[in-house]
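Report on the structure given below.
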Amino acid sequence: MTERAIVVGAGLAGLMGALALTEAGCRPLVLAKGLGITHWVGGTLDVLGTTGNQSLRVALDDLIANNPDHPYAKLGISEIEAGIARFRAVMQQAHYPYAGSLERNMILPTALGALRPTAYAPITMVAGDMRQGGELLIAGFHELRDFYPPLAAANLREQGVAVRNVYLELPPSAKRLDYSTRTFAFFFDDPDFRQAIGRQLREVRGKATRIGLPAVLGLRDPVEAVADLQRLTGAQIFEIPTLPPSIPGMRLMNIFRRTIEAAGGRVQIGSTVHRAGGNADRLTHLYSEAAAHDQEHRVAVALLATGGIAGGGIGTDYTGRVWDSALDLPLHAPAGREGWFASRFLHREGHPIFAAGVATDDQLRPLDSAGNLVYENVAVAGMALAGSDPVQERSVTGLTVTTGWHAGNLLARAMQAHLETSN
Amino acid sequence: MTYIIPTDHIELSLEQSLDHCIKCNICTSACPVSAVTDKFPGPKYVGPQAQRFRQPRQPTPDESVDYCSGCRVCNQVCPTGVRIAELNGRARAKIVQQKGLPLRNRILGHADILGMLGSGPLAPLANTMLSLAPVRYLTEQVMGIARHAPLPAFSTYTFRSWFKRRARKQGRPSILSNRKVVYFHGCATNYYEPWVGKAAVEVLEHNGFEVILAEQNCCGLPLLSNGAFSQAHNYHQGNLRKLVPYVKQGIPVVGTSTSCTLTLKEEAPELLGLHDADVNLLAEHTYDIFEFLRIEHAHGRLRTDFKPLDRTLPYHAPVSCGRTASGDLRSMCWNWCPVCT
Amino acid sequence: MQNTTRQIQTDVLVIGGGATGLGTVRDLAMRGIRTVLVEKGDLTHGTTGRYHGLLHSGGRYVVKDPQSATECAEENAILRRIMPQYIEDTSGFFVITPWDDPDYGDRFLKACHDTRVPVQEISVEEALRREPVLNPKISRVFEVPDGSADSFMSAYGIARSATQYGASILNYHFVTDLVREGDRIVAAIVEDLRTGEHKRIEATYILNTAGAWAGKIAQLADLRVNVMPGKGTMIAMNHRMVNTVINRCKLPADGDILVPIHTVSVIGTTDIHVLDPDVYGIEPDEVTFLMEEGEKMIPGFTRYRALRAWAGVRPLYREESSAVSDRDVSRAYKLLDHRKRDGVDGFISIVGGKWTTYRLMAEEIVDIVAARLGVSTPCRTAQEVIPGGEESKLYWLGHNLAHVEADDSYGDLLCECELVTRKQVVQAIRGGAANLDDVRRETRLGMGPCQGGFCTYRAAALWGEVKPDAVPTNAKNNGKLAQDGAGMPGTALVRHFLQERWKGLTSIMWGDQLRQARLDQLIYVDTLGIDLLPEHIRPPQPENELVTGHPAIATEYHHD
């Protein structure tokens, strides 16, 4: 059986890693238990949650200088930039460009009316940047239980933003009972629906120069949908991410899957890697769960991108045991359940258990508790890494994208070296 | 008819898998049924969510679960491992237990009987009949099969008759080998698309296998999908009787219908709560043909003297591929097959 | 008294809005007696809303507490008749596991007959057929008419009925003082926690039905009522692993009962004496103990998903301080007539007892008061059905799901886990809920697997649309969640409710529930950015001021 580059996990880290491997000609196979983080987050590229006037680049430099164990410190600023650049290039090619910079975070309103910092956002969202002036209108639909214009607007007003809110009337459709974000995305894929909504928005627009809508403006060509609505209303239109499943995240998943598969990689969803085999320093086999017998994979190199606790890559039980569910790598985690949580859900420092993960060397290769290399042909990326709590830092998408890209490139080199020596 | 599902130990318990649901709605956003009809509230709702409100000794509270088509896309995309389609299958079985099987499902559930009636020399007649608008109108009225839904065409001969005819012509099996496989053709190949079976026999024989046409039943999937668990159980027992003796001689069972092989491997045992030695034996030694060839290839035994095909072929991966150890066709063979790179 | 702006006169004032207080106020009103009830939080906010939901057959007490057993058996039959809509007929098994004394079975059987608790021995095979996940190594099984009861919904039902009979029920009213004139208690001073207004309620009789807090209330009148608050910790497991109440057949002990109620199974309980009913936490070893005891009844128990843990305080009573452990204090209730006992008239306390006997306790205390007030109308609570249910139909698990199906209202669910519709939430908000936790007690909002992950945002948003000017309040801080005039009730509601949920989660978060919490955090922090919104609420309690031996584990209650 041929040795392969295997990527475990189809979140942003796994997909970026697979992309790097694909582009290096390694034709990776992505194995994932299911879909995940793409469908849970808003789809912006958050590098670090600085606010105010602080330069993001300076903040990153500080973070790297003061936290040598932080995944970003292992990448360095230029690799971070390289990952972001590649991500943006892929999105650009797929006609879903991201705008922004590493100089200043833009400030986008959330569905709760909070002002949220992000470095890059799809152009369907950037008109929401609060650093611009002008009156805002937040519009939504009574039928969508996952977005409420009055709540978002009330909180924005409280923070000094000039904003109004409105509920729009849903044009008649075949759906009458149950509306999800996907239902609305399908609606917005239809130009006639956009016409009807655009007309309503124009009527209620008033002095507003920018109109925020829930992030459901289509799956097929959201950029065209936004352009359409802008033409119809004469205002700038922007999307506001809301509860999962995330439509912007689905767009990312679709783009990545297409890009990777078109270039010779494969994405196999529904295959849980649950067992591994190796020798002293190399991982040689992975086994994914299937009906009646496991599927065996011979490994040239492997990327562990299983998403930590959210992604299911880290398992825990009532005795306080914490484990890596795919490769059984040693984990860095607080000992004993007593130390897992702060007493308040919104504690500023977050909860220690959520920083659990695999400790790595600067090549992102796994280390055991004594600091010894476990496998030389494995790299770890994304939320499976120890050393940070990306939710708390507001770096979920940035950290997964950049570590995934970096790890994929490192593995591609390792694979080429390995194939040369074994031939 | 009541089929009592035997006790599930926690490791095998489908019900317990509902505990993994984190309500994220990924399944619902991938469901092809809820995309097109309001009548199906989606896999999360009818699956792990509704399951918490079902009590085996009380009447079934919900029927919208019956719109689940059993395609298992939800299982495939679920990030936490909830056996949604199976939960739905069992919930439907309870409805059937209480209210009986509707006529349509009683008929469509028996792919084998339908096939037997329609295929053979009279197939053209049957196919013509089934293409007539008045007939389709009647079937819609009486059975509830939409008159515009495409129906598969019966074959003028069955796969089994072809195989036997060929054996008679050749006097004995075309290849005698110590490497044997039992071919599980399933109803679709036997009654509708015998050329699939012919191709499979050719490929297997080309690779030096003696193909055995064992007696076999319908795998029971149509009955399982319609909630007729008692009858599906009978079918599975029949397949165990007919196939396990071969398995015990070390002969694997290979099928070309992924859903049939998946039923033998996993669906029937899981849904019916069957976990005894024979059931496990058959499950472990049943292979989808791609999975089988992939393993042959892994051991360097597959003949890869392929001829390149100068055309583009559309390929629709069966959903059930996700659960077989081959993955879908493309990820099975993409790094060695010249046809689909 | 400061700020006393209003006086209320009534015949009988009832203190405490748990099952006993509500039963009492309804009984009084049904006999035509003018009555007012005050409760410091939301109804059922004390022990009633914090128990495992068992409708006792009496089986649990047949050996140790025979009087209590008989009372339970009789009340069990009555409650099924008068409030079927809140009771599920789960039946109950007493099972002898390999860890239990096999000889206890015969003692148990005999004691059941002696105490008139209906019992029938069934075969192990039959028990396993009905409850397949039960430990197959059990040796004997006795079936009793246990059930499960919804202590929230029933409280609201009783309260509605009492109100219809003319009673006045005031929640968020905190008793700050009892006014004593000579040898008589004549009035109570209460503070309306929502407005800060103080009221003087004058009554001929004041009834102390404050349960675990009865000692604190009596103290206001300089009377001593020796309530021993016994903390019991429980864990709700994510689904109904069993549909029959499972009891270990042995003398009552910790972690020996599993109650299927609504969509969950509750394992209980521990029993730890606490000094103050307002100050206690859940210790990690209590949770470990309960999980491992569960394993004895249900093999694999520790691998099922734990949903939430909480603790309630039993209102145990003993006459004089003695060395017995809480477990050995009688579960029977005790009526304290302070005229006879302390020479103080106008004040009667009732303590001890359990949810199952709330009606009987109410009947007894009201009989005395009625006699003293010269009212001869007899008690009718054992006959008269509490309105709100379908014709004598017991609750069944599928009820809500069937309802949503019949209405095609699945697109309207705000809390998808517990099937709570937009309409129900609007009704609860309009009905006077002070925060989302109150909405939860009335509707089960946020009580399912995701613990508010999706519905908190939806319900908070809806609150702003239904009641844009109402400032949510919080009884525990005796104050408001949001500052007056602050226009962000939505934020305060979300923060408060998520924190209330969090308290019950920290002690049982591992496996699936930990993963759920991380998803919930992704939603509220990463996507919605709630942490970025200005707080506009009182500063939170200092982080390290926790009531537990393990400072890093959050507790059920903070110091008020």
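Chains: A, B and C, in written order; residue numbering restarts at 1 for each.
By our rule, contacts are C-beta pairs under 8 Å (C-beta built on N, C-alpha and C of every residue); 3 or more make two chains touch, one makes a residue touch a chain.
The shown structure was predicted, so the numbers you read here are calculated from the model rather than taken from an experiment.
Visitor: Taking contact as defined at the start, I'd like the list of chains shared as neighbours by chain B and chain C.
Guide: A
Visitor: Report which interface contains more C-beta contacts, comparing A-B against A-C.
Guide: A-C is joined by more C-beta pairs in contact.
Visitor: Between chain B and chain C, what's the gap in Å when you average each chain's C-alpha atoms?
Guide: Chain centres of chain B and chain C, defined by C-alpha means, are spaced 50 Å apart.
Visitor: Centroid from C-alpha atoms only, then distance chain A to chain B, rounded to Å. What do you get?
Guide: 36
Visitor: Roughly how many whole angstrom separate the Cα centroids of chain A and chain C?
Guide: 42
Visitor: Please list all residues of chain C that touch 2 or more other chains.
Guide: Residues 303, 410-411, 454, 515, 519 of chain C touch two or more partner chains.
Visitor: In chain B, which residues are in touch with two or more of the other chains?
Guide: 24, 38, 41, 80
Visitor: What are the residues of chain A that contact at least two other chains?
Guide: Within chain A, the residues that touch at least two other chains are 40, 177-178, 244, 312.
Visitor: Which of the residues in chain C end up touching chain A in this complex?
Guide: Counting only chain C, the residues touching chain A are 284, 287-288, 291, 302-303, 306, 408, 410-414, 422, 454, 457-458, 460-462, 464-465, 468, 486-488, 490-491, 494-495, 498-499, 501-502, 506, 508-511, 514-515, 518-519, 521-534, 536, 540, 543, 546, 550, 552-555.
Visitor: State the interface residues of chain A toward chain C in the complex, per the touch definition above.
Guide: Against chain C, the touching part of chain A is residues 40-42, 46, 51, 110-116, 143, 145-146, 148, 150-151, 154-155, 157-159, 177-179, 241-244, 246, 308-310, 312, 315-320, 337-348, 353-354, 391-392, 394, 396.
Visitor: Could you pull out which chain C residues touch chain B in their complex?
Guide: Touch list, chain C to chain B: 128, 130, 132-133, 238-240, 243, 263, 299-300, 303-305, 396-402, 405, 410-411, 416-417, 419, 448-450, 453-454, 512, 515-516, 519.
Visitor: Looking at the complex, which residues from chain A come into contact with chain B?
Guide: 1-2, 4, 27, 29, 33-36, 39-40, 174-178, 180-182, 186, 244-245, 250, 264, 266, 268-272, 288, 290-296, 311-312
Visitor: Contact residues on chain B for chain C in the complex?
Guide: Chain B residues touching chain C: 7-11, 13, 15-16, 18-24, 38, 41, 44-45, 49-64, 80.
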